[in-house]
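Common to both upcoming complexes is subunit A, partnered first by subunit B, then by subunit C.
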Partner chain A sequence: MHGSETQERQCWRCGTGVGAGLVCPHCEAPQPLPPGSDLFAVLGLPRRLVLDGAELERSYHARSRALHPDRHQTAEARARELSERASAMLNRAYRTLRDPVARGRYWLELHGKPLHLDNKEVPAPLAADVFDTQEKLEELRSSPTPELRDEVRQTRDALAARLHALQEDLSSLYAGRNGDGLLGELKRRLSEIAYLQTLLGDIEATLGNQRGAHSRH
Partner chain B sequence: MAYSEKVLDHYSNPRNVGSFAKDEPNVGTGVVGAPECGDVMKLQLKIRDDGVVEDARFKTFGCGSAIASSSYVTELVKGKTIDEVMKITNTEIVQELSLPPVKIHCSVLAEDGIKAAIADWKRRREIPKGETKAAS
Partner chain C sequence: MERIVGIDLGTTNSLVAVLEEDGPRVLTEPESGARLLPSAVAFLPGGEVVVGNRARELAPDHPFEAILSVKRFMGVGLEHVSDEDRRRYRFVDGREGAVRFAVAGREVTPPEVSAHILRELKRWAEHALGGPVAKAVITVPAYFNDSQRQATKDAGRLAGLEVLRLVNEPTAAALAYGLDKGEEGTIAVYDLGGGTFDISVLKLRGGIFEVLATNGDTRLGGDDLDARLAEVVLAELPSELAGRPSVRARARAAAERAKQELSAQLRTEVVLDLPEVGRQARAPIGREDFERLVRDIVARTVGPCRSALKDAGGDVREIKEVVAVGGSTRAPLVRRQIEEIFGRPALVDIDPDEVVALGAGIQAGILAGGRRDMLLLDVVPLSLGIETMGGVFTRLIERNTTIPATVKETFTTAVDSQTSVDVHVLQGERELAADNRSLARFKIPIGPMPAGVPRLEVTFLVDANGILSVTASDLRTGLERSVEVKPSYGLTEEEMERMLEESIDHAEDDVRQRQVREARVEADVILAATRQALAAHGPLLVPGEGDAIGAAVAGLETARTGVDYVGIRDAIETLSRTTEPFARRVMDESLREALANRRLEDI
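This part shows the complex of A and B:
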């Protein structure tokens, strides 16, 4: 993003060089995003899995202020349109990158290996947990007893703790490894997180409403 | 989401729900899932020595289309040879159930599950008789 192409970017309104910036340093007009910008570039952050939370917040707030549609509401149509588009992109970048799970999924997409691609195999121990738990939920729905309800609550707590630990461990994965091995490991962990999240959602739905028919989607 | 009549039929009256014992020597088990939506499918085939699928079972936790896809595919494979089963594609499932584009991945999952079950059956047959118990 610091290549010669971006250095030649000029403000569409006043012609001042804008570098990789999203607003013109001279007339403050919002600029179109440089072609091929990823969500890291939108926030002016290095393209890395580890990121500095404080820097992310600072950058987001500074850029939000400069690009906010309120600030450009009396400007010409092009400026208003660019400010809306850039603000939406900025919000998307912020939401995605501040959450380690969403950031990891986005990282897989950036590297052409999105979570769903070639990822149908469920590791046997995880599959066993999912089927055991779902069968317990079926039983609870058809014949709810206080004992079974307690058992399901305990399962929920154990799964929630496991999910929490997996989420916590992401930061050390992000800080530690690089190269091809990282993407595979990332995919494995994010898949497990996704299965556990769905399972916990089903448990909550069953505990919250045992009478209604159960169906997803 | 409006489901087709056939999806609703399989969903409300699923065929071949249940499990075979995993350690039965002529049973192949395929477990597949889609992390995006959290759907999981277990498909099991009971296959004779001559390679004909005698019976099938499934257990699926997911949306109506995932349940219907696995229910239909267990009907489809019965009486077929494993070579015929390997030629089944998800398009057959999509057409039979009139799945909308957003639910095509459910039919792909069912196809993969059936193929994983056959691979499992083949793998288990390669283990010499007598070692089956020790290996499991």
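This part shows the complex of A and C:
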């Protein structure tokens, strides 16, 4: 059923059947993306959370070779326009899927459970640390001392290590689990990661400001 | 194959190159055989314009009329021009938007000045190649923002060149090296030019050049070293004399000479001859003195290198090679700085003055279809976004995103009966909109409705040149919406049209306009017929034919937008020649079908 649908796609330039392809096999004209294509389809990959990095890059490079505007520069306006649009989608697909965090977020979106980053609720496992860190930052802003700076730096390194571990854990989550429990678990972990990233950003900003203020003296 | 040239439009010098069978080649000036065209343009009283060496020689006596580094002013407003530059040139005051030079009783914009340089290079290329040249690839600093890129593209158009692609200078250099050495792995390109600094980190693999990150400073270059050294000799003069624009121009030229000498020898003298006041100033200087003098300027390249390495997500130890580009990398101090940052000496196999032009020539060849094995995947250097509530900068496309890149945003109205949605687009890395560079304001009209009801989907697209375009559609009706663009530091479409018209001789306008109109009508007829035949009889194409016809259609589409009716007629001729075998097959088949039908009737 699905097959007959894609078989009906014909090249806009020469009428050859193009299947689910992004360029015409006959005249190489870029084709409009099939309606409803997700980012996995744009890269010609199965819709799976586990991806092989090398395969992802191979597919991205092969499709870039066929679709990139440089390949269609001397073609007619429609071909140039389609190549630009398709390349832009391809670039977005690669940027999203190669990064496990971005891929996880996209997965949640695909399944109608997007992660809202303005979520003010602190993930439970982080609550104590977040509170502690915010307090230290507040103190550092009002009465900076070298000892306090060192302490904040240590906190930063510990949180960075934790973030790194959480990110590493994602791949085992992707590989090991599937089915109903996955989405909830994924959402919990990704919001922890997002929260840690924001917190680390705050720390860097505060430390940076302090340095700036210091050098002006 | 169509001749597309590659142009390095540099701050100090410009070059033109082309890709040939055995590799890229720099094209020379027909009269002298020179390979470098000084990027200098002088406007003389009476309207004469001179370009290159002669313009450069005029600078000391006509400091305001001879513009020596116009690239510094491309796509910027007067508020971005340094005090030193304000003393150096005369600008038209009180104008918003792009800067304008006041020269010899007229006003010129930076794209117009650059167009003179491009026209001269076009002349060199046409002479060397023995035929007209109408298409080009032009290089720009990787860290150029949207306005600076648009200004470069406008300059090409004013010079009668269709700019097929803007290529980032470090990327072009990498292409030249990649072709030379068949390199694989991660490399860095350190490009310190006359006026700009770029650093790019690229991954080379199987002919694909993927830029991982780029950074830089568009206000840092060899010019700054010259200015610093010039102060040394100016200090020998009474301040009244040292403040004169003509004296300062001479001092900069003398400093540049001395700087170059210090790359090869340990001591020299900055010699400033001032015949009009019967004076000479001399300042002896050693390489070490010079290095102490400019160390802080060269050290400003460190930060961008570290940021680019960080954004590339790799370790400095993963960098297999560092390529040095730009005349300033000849200085031993700069070489040492590169080695200090990357832990290895820079690669300087290809002349640092020519490598960007050679890469531009290669990219021109890629676009013409001559090198299907190589492909460039470049990035947008600075984040792009819009101003949102409270003057906050909301990023839509992050820096170092591979281009083309696209993102969609939905907008609605805040008050009842609002008749348009205004979008302010900016570029930069700061949190507040006001701290970033304004690119343009887009006004999108909508029908009057209660607040919050309209749903406008706005698509931002950064093309392969790193230039942004915006389209909008009404989600409720599905209709496209027009978008009116007001560039912050660029030329509007009307200004461009006027400048283009000014460059045409008005005397023969009437006759020519009629011929152009007629040729366009004929073009439309054949284009429509071709499209119809392709749609109805596509399966009759033989392999490769579709591409050839597509290219001929594109050629005619481009020609018909121009004002050259001979060009339009040529393109019509090319298209009908290309489609002839196909048309014959279509005819044969129709005949066969007609015969088959008759036979059926006969029975």
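In the analysis below, the second predicted complex is superposed on the first by the 200 of 217 C-alpha atoms of A that agree within 3 Å, B and C clash if a C-alpha of one lies under 4 Å from a C-alpha of the other, contacts with A are read in each partner's own complex, and residues count from 1 in each chain.
Following the convention adopted for this analysis, a contact is a pair of C-beta atoms (placed from the backbone, for glycine too) under 8 Å apart; a residue touches a chain by one contact, two chains touch by 3 or more.
If you're wondering where the values come from, they're calculated on a predicted model, not measured in any experiment.
Chemist: Identify which of subunit B and subunit C touches the larger number of residues of subunit A.
Modeler: In the superposed model, C touches more residues of subunit A.
Chemist: Which partner does A:191 reach: the first (subunit B), the second (subunit C), both, or neither?
Modeler: Only subunit B; A:191 stays clear of subunit C.
Chemist: For A:122, decide between first (touching subunit B), second (touching subunit C), both and neither.
Modeler: The first partner, subunit B, only.
Chemist: Touch check for A:87: first (subunit B), second (subunit C), both, or neither?
Modeler: Touch status of A:87: second partner only.
Chemist: Once the two structures are fitted together, what part of subunit A is touched by subunit B and by subunit C alike?
Modeler: none
Chemist: Subunit B touches which residues of subunit A in the complex?
Modeler: 115-116, 119-122, 124, 127, 130-131, 134, 190-191, 194-195, 197-199, 201-202, 215-217
Chemist: Taking the complex as given, what residues does subunit B use to touch subunit A?
Modeler: Per the stated touch rule, the residues are 1, 31-40, 42, 59, 61-64, 105, 109, 112, 116.
Chemist: Applying the document's contact rule, which stretches of subunit C touch subunit A when the two form their complex?
Modeler: Residue positions touching the partner: 2, 164-165, 205-206, 208, 363, 366-369, 372, 375-377, 401-406, 461, 463-464, 534-539, 541, 543, 545-547, 550-551, 553-555, 557.
Chemist: Which subunit A residues qualify as touching subunit C in the complex?
Modeler: Spelled out, the residues of subunit A in touch with subunit C are 10-16, 24, 26-29, 61, 64-65, 68-71, 73-77, 79-80, 84-85, 87-89, 91-92, 94-95.
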